[in-house]
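Structure below; questions to follow.
Per-chain numbering from 1; labels A, B, C and D assigned in written order.
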Amino acid sequence: MTDDIARLAAGMADRLVARRRDLHRYPETAWTEFRTASLVAGALADAGYELRLGGEAVRRESMLGVPPAEELAAHMERAEAQWGDPALIGRMAGGLTGVVGELKCGEGPVVALRFDMDANDMDEARDDAHRPHREGFDSVNPGAMHACGHDGHVAIGLGVAEALAALRDRLNGTVRLIFQPGEEGVRGAGPMVDAGALDGVDYLLGGHIGFQARKTGQLVCGTDKFLATTKFDVTFTGVPAHAGAAPEQGRNALLAAACAALNMHAIPRHGQGGSRITVGVLNAGQARNVIPPNGLLKAESRGETTEINDYVFARAKDVAAGAAHMYGVDHAVAVVGRSASGGSDPELAARVRRIAEGMPFFEPSGIVDSVDLRGSEDFAVMLAEVRRQGGTGTYVMIGSDLASGHHSFHFDFDERSLAPGVELFVRCVFDCMTLPARVRA
Amino acid sequence: MTDDIARLAAGMADRLVARRRDLHRYPETAWTEFRTASLVAGALADAGYELRLGGEAVRRESMLGVPPAEELAAHMERAEAQWGDPALIGRMAGGLTGVVGELKCGEGPVVALRFDMDANDMDEARDDAHRPHREGFDSVNPGAMHACGHDGHVAIGLGVAEALAALRDRLNGTVRLIFQPGEEGVRGAGPMVDAGALDGVDYLLGGHIGFQARKTGQLVCGTDKFLATTKFDVTFTGVPAHAGAAPEQGRNALLAAACAALNMHAIPRHGQGGSRITVGVLNAGQARNVIPPNGLLKAESRGETTEINDYVFARAKDVAAGAAHMYGVDHAVAVVGRSASGGSDPELAARVRRIAEGMPFFEPSGIVDSVDLRGSEDFAVMLAEVRRQGGTGTYVMIGSDLASGHHSFHFDFDERSLAPGVELFVRCVFDCMTLPARVRA
Amino acid sequence: MTDDIARLAAGMADRLVARRRDLHRYPETAWTEFRTASLVAGALADAGYELRLGGEAVRRESMLGVPPAEELAAHMERAEAQWGDPALIGRMAGGLTGVVGELKCGEGPVVALRFDMDANDMDEARDDAHRPHREGFDSVNPGAMHACGHDGHVAIGLGVAEALAALRDRLNGTVRLIFQPGEEGVRGAGPMVDAGALDGVDYLLGGHIGFQARKTGQLVCGTDKFLATTKFDVTFTGVPAHAGAAPEQGRNALLAAACAALNMHAIPRHGQGGSRITVGVLNAGQARNVIPPNGLLKAESRGETTEINDYVFARAKDVAAGAAHMYGVDHAVAVVGRSASGGSDPELAARVRRIAEGMPFFEPSGIVDSVDLRGSEDFAVMLAEVRRQGGTGTYVMIGSDLASGHHSFHFDFDERSLAPGVELFVRCVFDCMTLPARVRA
Amino acid sequence: MTDDIARLAAGMADRLVARRRDLHRYPETAWTEFRTASLVAGALADAGYELRLGGEAVRRESMLGVPPAEELAAHMERAEAQWGDPALIGRMAGGLTGVVGELKCGEGPVVALRFDMDANDMDEARDDAHRPHREGFDSVNPGAMHACGHDGHVAIGLGVAEALAALRDRLNGTVRLIFQPGEEGVRGAGPMVDAGALDGVDYLLGGHIGFQARKTGQLVCGTDKFLATTKFDVTFTGVPAHAGAAPEQGRNALLAAACAALNMHAIPRHGQGGSRITVGVLNAGQARNVIPPNGLLKAESRGETTEINDYVFARAKDVAAGAAHMYGVDHAVAVVGRSASGGSDPELAARVRRIAEGMPFFEPSGIVDSVDLRGSEDFAVMLAEVRRQGGTGTYVMIGSDLASGHHSFHFDFDERSLAPGVELFVRCVFDCMTLPARVRA
């Protein structure tokens, strides 16, 4: 059977590349993955998967950091114009862009795989050193770029869907494929968990192209040290005034925002483990000669543990409040995303290793049991939920030569890693189905 | 003749209000006044004025703070869609939106009047407390609002043009009407001076609705203490990086910008007179979880004298360079506007007082000889040029009840001041023509 | 009589220099002028003046910015060791170092002269370019230096006292000599006013060596634009912690103080007139590797009017509170000095001009009616009190070549100005006595 | 023999407490440990140790962060007044306060023990909740407090010296006792290494009371994750000016220092491991109304690896230079201490565990093999030198109930840990002497 899987995966290699490039060309940021999700849902339905869409896949009340309604509506139009399926898109109104597809194949454990679909909020490089530009599949959507490889994840996920459907007769148990929106900003996992997408899952697998596995042929079998994180916006509201004639009548929201940004970065490190604080965006002011009445920070805290992250976020709120008081302006803090800390199950990672050791694509010396992520991934939220229920999981990194680091303008990966990715996940599903169910219905 | 002027002005009162409201509805910011300028040029041509347009009115090489070409092109389209004259607009390509109209009426001095046309970069209030909204003439152009009364200035200027044309047989000398773009940002005066718009002017008059004359019926005959100013942009360019995994590989342009903004405001006051420094806009960063590689400040310095302004600007450049060094980012400072210090000629102001005392509209107790502007106006650049040549000038403030301060969202003025404004300027022109020419040809 | 005065003053020129140098050698900062005040009191008593000392001269409850009791006690010991009079010093315990001497010479107005006695909190230059060092009369008191010329003021005051005593038969009215402590920090005037030192004064004269009269032979007859000011200390109290092992357990008072200092300097200028804000001293922290639990700012606000100063001080308090909130530390703001805005009486200044024009020492072209101080002097508090009662006053500047600016390490003045200073004040007293009393008893 | 050691240690328990309290009462900060070092040297000499003092123990050229000569001289006087030995103190002039005592006992390895002697720069708590105050052994030296337990370390070290001398007949090899000055500020180890104090050492032991072993009866056998660190001072030199009259003529070193402090704390975390940056002290300015011409920061960087520390220190230097440029002031950065990263030898730690397991004082469950220090200790410099030569070492933590954290005002430890500390070290020496020599002479 192993050979069948290998053959199936190898056979779809060109289509995986084509699909990845199509997705790369039409990147969609968090909660606007209408085109991507409609393509995914269509493909899953075609392959015989039972679908959960819209409110069945994503709990609306749990969504954080959702764009305004008119912006979402514009994205729905765009997605249709970019050959998304209008009927499916229509079921995703309000940004409910998560998709769950399930294939029930008799008695056995529930094995879930999670693939994230969203792109980054950034403009792609437009120079010939950048292959996507050179070969004409760079982003056509302004302000959006697949700079983290989720285009590859979706391509792998659809390849897995196709392969498992082809092999469904041999499966014993239930396969659940979870296509998640909004991993950037760690927004999508929570609302999918709250909608029940992880209910009853015995084994959860997820993964990432590249990251700390920066060479093709490498594999990380289990990822640890997911950083807990809180994503938050701070708005400052002051009073405008003529900067020449009456500056004293203004209340300066730009300086409050600048002061808050600076002092947030000065929040002390934590003695018990790593922490991060980043103000990634600051927009303030309206005109050069008007005391700025408005200020916005987009920020995030992180911590090696949830406690450390909570500490940093609590201090950041103090900084925001203090800065507002300093400048006599109003302020508000809104949480727009959050994720947990956590790590992979070593036993499950060991099984991944054994499978990978059987695949010639992976270099034996390039297979490692575990690395520390030192970043955030809301896969950790799903993993925590699965564990709460009694299940377990692991998060792999599929090595790939990277043109440039994740989230950089020139990010690109080695597409030769796509087909082996499909093979690995499919074989892991089969492997997990030899294990007992862990979660009581 | 005084009665004729009064009658003419009174007779156009309703049309002045209509014109002002039309202009208020279609505000255009600096260098994009295509619609306004084409209406002005059309009206001047119809009234028999000799026109200077485009490069004859504005020296392209002297222009500062010009929007990018594609933005200008979009504004030209917008202006046409808003019933600007396409032929005239075509002559203003590149933002050459200044208009000079001249009426030569025999021997005598050259008397110039200057009216500024541009709107502010801000969104207008949309509540019923705001008359322009309540009565349906609020701005239809996003990001633009006449919050400084230049709509009224243009209406007055066109009224003056019409009245003087009607009375041209009685004039002895030359009338030159200068409609200036880009007063906000003090950008328009310099390039018009450099194009020769002030050449040969013996007497220059200009003015403003409201400002320190905040009650209808008041008049300031001469304005002093124009603040010298420099408008400048600072851009910071850093290196992006993943904020969780490798923050140390980034170079943070947001923090450089925030630090520069804060420390610019901390530049010491000057012992020899008033100074100002304002960072009106700060935009930095691309995504919440990426070390921000970009930062932009839009700022201005001011000083009671040119020396004081130069001091503040020099220190601001040090602050920008220091902040860049701190954060290991590149930076650039671009000057996008500038104006001089200066004040009005007391003798000419005294003549204005005598004229105003003959107009029942102005309350005798509300007429003052002089006030300090404590703001910047690039009329000061024109005044300096006129003085350099041997001429003289004054800048009046025509009192008007204000709904809210200049540059605020709720700015509005009392339209009853428009017709008396026309009358005052027309009578001043006649008065100046009784004086000798001062400038050698 | 004019000749007698000139002769008397000229005759004491060498002694004035000697006295000034003695005072320069033993500088005493605010509320610690035990030696100086005891010398003054002794000299006044010897010359026949009626003395008010201690609580009669200074209201204890009004004193601001008083050093701790043990420090005052150490200064009393020091003053005795430096040949101050122990009995007189004993009457000044607690820092009550003001001295009032009165000479009643029959009917006539009450003419008061005020001389300030205190030194600056700074170390004097110790290089040969600095005459006081070169000639051996530089400060022996660490942390104290006469860098503002008050040593000269006291020398002149004692010269005036001696001359008027010698001429007392010719006086008609009452002379009151007020030797004030704590002008630096604007601390001494208020408590002397509250103790009644200005009660019944018809004419008040005061003055300064140098300042805007930077050349020997110049004279400013009346000083205007005294800046209102508030002197204040801000203390921040946090929590120490090991900076390596547990930084998160600390609360950083150093960063709160640094942040407050920076943002105080960024308080917007005021449209209605000049303002100042200065944090002159910041001391924070205890050890390099301990999160700093303590922070102290010594600061001052100023304004061209009391309202402007109040605005700046109010905003500074907001900044302090906001910085404390930011860093989770406690804070307290203590006012340690304050003064009013104000200016001189032009009529009295005109009389000073006429007197100076009769003195060959002053260059006619160097005598000016008025200059703007653009600094603070608590003489303004006394002047406001005299005006409140119906009296009037002026503040002169006696020109003197300065080696370096006031409050600089190398400050020194031209001692040739001392004797003419005595002559000017004595003649002013005689001149005022020809005027009617203004204040009702 | 084990029993003999236990008996010896138990028998000196009261004297250890008395000695610790004497040392606690007379704390001495880095390079001023004249009294402590002279007591140590005297005791070692009395016990028959061969002494290295002064330049033999400490290389003068390698010393960082040395107080000025006059301060050192004053401390020598103080130490004599506090019953230090004048002759021995005389050999330590210049702060050469390290002491090495050696006992050669035939063939065998060289076993070195290191004890640090210095106190912290802070004032001790003076309330009855604080036992040293309540029981009368709190610090009599202003600005110095044993808040880290080095008083206990010296007491233990002298107990070890005495015990080993008593047992010298049974030793096979050389004992070298290293009493190090200036551990605070990580200043003492480097110059002692450079003077050869570690030459030929096969086995190095050191340790600390408390730290992560916060309960009496606990023991950490090997300490890891010593943080690399750089201690540095930054001085800013500006220009003073009158804050009211001419602030623009000043160059503000206080704001440069405040800005540098704030922005140093904002240096990004490092993705590869923990980092720290702390400005522990900021002193700037001279007088409230003078633009501050001086500013001083005492700061430190740390890193889990030397590379991370180097990164933080390099960025801190950029921040300092940028802040200086911003404010137009000069600046200088001086390194005053440094230490390396590193950790203990697990095999040696395992031997310590076995010894401890044989001592009833230590709770079996409280003995742990290793903890991460997450702080800096220049023992790491000595350890690196021993390793370089071929030797090895470990650093223990002797558990002790702590009244409050290290470096806090209320720090105190449980003196019952002193005698077991002596026993442990003595037994370790005997144990190491059963091992082969590792370093070639």
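Going forward, contacts are C-beta pairs under 8 Å (C-beta built on N, C-alpha and C of every residue); 3 or more make two chains touch, one makes a residue touch a chain.
In this text the structure is predicted, and so the values were computed from the model without any measurement.
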item	value
Per Cα centroids, the chain farthest from chain C	A
Chain pair with the higher count of C-beta pairs in contact (C-D, A-C)	C-D
Whole-Å gap separating chain A and chain C, where each centre is the average of the chain's CA atoms	67
Interchain centroid distance [CA atoms averaged], chain C/chain D, Å	49
Touching two or more other chains - residues of chain D	242, 244-247, 249, 255, 259, 262-263, 265-266, 268-269, 271, 276, 291, 374
Contacting residues of chain D [partner chain B, same complex]	242, 244-250, 252, 255, 259, 263, 266, 268-272, 291, 311, 315, 318-319, 321-328
For the chain C and chain D complex, residues of the former touching the latter	120-123, 184-185, 211, 227, 229, 231, 240-247, 249, 254-255, 257-259, 261-262, 265, 276, 278-292, 298-300, 302, 373-376, 405-409
Chain B-facing residues of chain C, complex	262-263, 265-266, 268-269, 271, 273-276, 374
